[in-house]
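Pasting a structure below so you can have a look.
Order of writing sets the chain letters: A, B, C and D. Residues in each chain are counted from 1.
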Amino acid sequence: MTDKLKIGVIGTGMIGQDHIRRITHVLAGGEVTAVTDTDRSRAQEVAKTYGGIEVFDSSDALIASDAVDAVLVCSWGPAHEEAILPALAAGKPVFCEKPLATTQEACLRIIDAEVKLGKRLIQVGYMRRYDRAYADLKATIESGVIGEPLMFHSVHRNASVREGLYTDDMAVADTMVHDIDVTRWLLGDEVARIQVIAGKRNSVGKNLRDPILGIMEMRGGTVATVEVSVNIGYGYDIRGEISAEKGTVELSESNNVVLKAGDSFSGRVPADWRERFIEAYDKELADWIEAAKQGGASGPSAWDGYAIQVVSDAGLKAADSGKPVDIEMADKPALYG
Amino acid sequence: MTDKLKIGVIGTGMIGQDHIRRITHVLAGGEVTAVTDTDRSRAQEVAKTYGGIEVFDSSDALIASDAVDAVLVCSWGPAHEEAILPALAAGKPVFCEKPLATTQEACLRIIDAEVKLGKRLIQVGYMRRYDRAYADLKATIESGVIGEPLMFHSVHRNASVREGLYTDDMAVADTMVHDIDVTRWLLGDEVARIQVIAGKRNSVGKNLRDPILGIMEMRGGTVATVEVSVNIGYGYDIRGEISAEKGTVELSESNNVVLKAGDSFSGRVPADWRERFIEAYDKELADWIEAAKQGGASGPSAWDGYAIQVVSDAGLKAADSGKPVDIEMADKPALYG
Amino acid sequence: MTDKLKIGVIGTGMIGQDHIRRITHVLAGGEVTAVTDTDRSRAQEVAKTYGGIEVFDSSDALIASDAVDAVLVCSWGPAHEEAILPALAAGKPVFCEKPLATTQEACLRIIDAEVKLGKRLIQVGYMRRYDRAYADLKATIESGVIGEPLMFHSVHRNASVREGLYTDDMAVADTMVHDIDVTRWLLGDEVARIQVIAGKRNSVGKNLRDPILGIMEMRGGTVATVEVSVNIGYGYDIRGEISAEKGTVELSESNNVVLKAGDSFSGRVPADWRERFIEAYDKELADWIEAAKQGGASGPSAWDGYAIQVVSDAGLKAADSGKPVDIEMADKPALYG
Amino acid sequence: MTDKLKIGVIGTGMIGQDHIRRITHVLAGGEVTAVTDTDRSRAQEVAKTYGGIEVFDSSDALIASDAVDAVLVCSWGPAHEEAILPALAAGKPVFCEKPLATTQEACLRIIDAEVKLGKRLIQVGYMRRYDRAYADLKATIESGVIGEPLMFHSVHRNASVREGLYTDDMAVADTMVHDIDVTRWLLGDEVARIQVIAGKRNSVGKNLRDPILGIMEMRGGTVATVEVSVNIGYGYDIRGEISAEKGTVELSESNNVVLKAGDSFSGRVPADWRERFIEAYDKELADWIEAAKQGGASGPSAWDGYAIQVVSDAGLKAADSGKPVDIEMADKPALYG
């Protein structure tokens, strides 16, 4: 049988535990051999639940262990850099949940370290690229059948967010970042300018700045619009349409059956991101395990993590000022193609 | 049997002839009794084709004739004012093809005249309001089931336009005006600010500024985006989605059958506005005839014609400058609700 | 202006009145000049409502009148023959609501009379052929893109029928006849054998034999299935799919907008036949008026009326016996192509 | 970490190899430790490719080995019984690819053996039950929202079959069996009578009896129709609609994106069963591994295997005779619920 990738998990909160479950019960290629968490008792509990997992006192110790082939970073954003840099130093592949880091500077330090290594070791957790529908969107663009993309309309709707916990900034920094990612990825281009218009507010969210409209002008001229609505009630609705030179392509509905009852036909809208993207999470991690076994990384890179951070920061500035903000970005190292 | 409305048609070009055909062969309530055209021979030919139609030398003469109950204005835009004002003076109902007039000043003079009359006599030819799908869109909004509209995304795509004949300005002044109309109508609100972003151009249209993205902020805060693409090849595709507080509503596809062949299922996209809106044109005119018989007018008003003109003018300025343009509008007379 | 077709209406019940409304207020080409009804007061009331209509004591008198160019038969089925034969004798075009007659023998007498005339003067009211979706279905078959039709699945669902008034036989004789008509028309073939399976009953209809499944084997071998369900609650749902040698084509949903609310997206199903087929009724009559003005008839013929009657009779026998019934039909006169 | 289920695979042909790939590279819970095949060199090659797999000379030896916790039967149908009975005798869980066995008698012998054991150890490979869309179909029925099912229309279309290799009988015995399975499963009922109508043939398949229409009357009265078309060209199209007392539910299309190009919008139809059901295969086996680890079995049972065989045999007789065939079946042991 093929050997399993021995994975050390840094951060055993909700998302960390979900990845441990996935690696243990769903995917074939890896096994979790080590965990660490600033809350040691939580780490111990997780280790006990699954069995055969060693608990480490620090991410440094975990990374250094021979029981660890590759590192999965699920700690909170500000702690990502201090987990990633030692992993790179140890030459161990890293999967880092989004964001790569919480400042552009931290992102650039990580990029510098990886560039010095001369090969990619980092995959960042922008999982939409692993969704079959987004993959088909990109494949259709690349097939050339619709010609050059000229506009992209992205819609990101959540049924609800928790009052008080979800803040104005999160609509850009936590929610729209996924749209920023897929816009860059689908178009193969960087954002040149961003504008965010906050108009009439949804009374459901009280004082929350919701919805917002993001407008991104890409370097190549393609214009992308993003609707972010986070209290729309009816479900988690992710849509996207590319309008190109001689055609368009857009995400389909994701319902499996059509019901006819009452006075209409209907199809289900997913309740939340879990229902919509559960397979993309599985596929993302399977892909990482495969690449990590080969000693490398594929999927969203540290550069993507950085670029998204830059656009997100500009988006926040744009939302606050009501004015377009030009994007200034470091030069892209050759490593990132 | 009920009496027919006796209609005088000013302008017997393509659209005028189409309305004459409609009144004669399709609709029950009216009959064309009089025509006039700056090209008299064209008017005569049309009169001969149908029979029983009197040809007049001038719009003034036609309007004054007892053979004319109501006036249908199909001349070119700059000539509309000189046809409408005498009709108002004669107290005869008017259907005027869009635009109401080609300058805001002319629009205001028409409005003044109608306000002085103290009752509406003018319907302007923004026919989308008579389309069943748009009507259902509006009815759904008004039902309250989705709450207050917060965003509107409108898409206006033409398969192709004639190179050289279709100019940059027409994308706003001839094409986007329909979206401006339905945006105002669906939202029951006026535009406060407009921005037009022209990004990467469709190589099909050579140097044409195409596509463009219009962004309208309404007085009430709702934000509307409009994609206008006029050389997209695959068809005439009119789409619109209202995103509201607790739901959305959008135009369906208009295909009648689904074909499965090759490697896919498919449905037809209309080839052009005729295929998509032919029934709306019939219904628009039937509605006008009905109201005219009662001596009044319903549907898009002279105020709508003026407001659309103001926004269109601002849109052109916005497109040329690349900057948002604030909309300044006269006060709305009580006559227009 | 073009002359109107002067129409005499025999039978001023619900459907007769609806046609009078249509001719008077919707369509351009005709005018109702005469009515008659076994209930004379009803005929008088209708005449008074519209004005300018002469009331006749008998269908014979109406048919004979110079005020009548063409005859619209809306009396009850058993009275159709006695209205149609004199009209044929007078050489006046006839539109006859379905059924053509209530016995095969009566149908054949009508056919004989028309054949003797040597030209078609009768159109029977099977209006589905004028529905745009069915027309597209037929056009797709005839385009050859899917090859020869091999199977047809037709679905005919009513939201509800009136308990006690709607009987077991009506599911075949009043409801399934429309499916029999379109099956013959779409496939250009006659039915060779019919079977009707009545299985588990819908408890909503108490003891009503509902739903039923009709199975028709055509002379050319194509197999058609028909689901008739008349108390399904959610709406009036008409579906049809042709499965052919290299593809399929089916009727689309007829909704105009898509709503997202609750936890799903949804589109309206028509409430009843009026909502679904109103335009087909308009088009059917407009087409008849056009042909009648030329002194002829198009659309569903007397032969169609006869053939449907034969299959319907066999269907009733099949439903009662639970066994397949072979269809025996007279030879088709050359007049009917 | 959790222990893996040690799986011995009997039959290393195409489907056996696909399951080995699945267990090794996709799923988390099992590992292939043993293989056997009548073609020993093929078994050896497979073992070598994957590593760590022991090759056995016979299924008996494989089943007896301590290296085997559970048995996956992928040999050809006639050999299933001789693999299953020893596995039952050894108390080892079995996954058996369809069919359970090729005669009713063999199926009953297997059932007897399992009944004697007093617990289910066998899962049969009818994988549609693991498809999300079919699962949603069943869940909707069970929710009660549409009331009691009254009719079911199932459509099973293949793009093409190999001329000469695919015979008339296979349309029932290899293809329609899946529809027989889901019909029984969705309706929770057994088939009482089956009829198979073969009408006009698809010229693509030359002399092949294709398409065919199966009609199954269930004991409870629900009527199911099945279209099987195996040379339809455009794709692998699996459809199903339940028509119930107050509503319907049907399988959706499975496309991920909608393309607009040419003159239409379109969505992909799967090319083959792999594209359509790949996840159902994964889920089916994951489910079996989970149950086998607990020493039992879930999913389609030996009884299902038997019942499908009985209906399939009757279907063949019905197809040959052109007459309905009543189903006679053994009594269902309590073990199967």
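Quick note on the criterion: contacts are C-beta pairs under 8 Å (C-beta built on N, C-alpha and C of every residue); 3 or more make two chains touch, one makes a residue touch a chain.
Being a predicted model, the structure only gives us computed values, none of them experimental.
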item: Option in B-C, C-D or A-C whose residue-number contact pairs overlap A-B by over half; value: C-D
item: A-D compared against B-D, more contacting pairs; value: A-D
item: Cα-centroid distance, chain C relative to chain D, in whole angstrom; value: 44
item: Intercentroid distance (Cα basis), chain D paired with chain A, Å; value: 38
item: Centre distance in Å when chain B and chain D are each reduced to the mean of their C-alpha atoms; value: 58
item: Chain D: positions in contact with at least two other chains; value: 233-234, 237, 246-248, 253, 255, 259-262, 267-268
item: For the chain A and chain C complex, residues of the former touching the latter; value: 233-235, 237, 253, 255, 259-269, 271
item: Chain B to chain C touching residues, read off their complex; value: 1-2, 23-29, 31-32, 50-53, 132-133, 135-137, 140, 145-146, 246-253, 255-262, 267-268
item: Residue numbers on chain D that touch chain C, as the complex places them; value: 147-148, 150-151, 153, 155, 157, 197, 199-204, 211, 213, 215, 217-218, 220-223, 225, 227, 229, 231-234, 237, 243-248
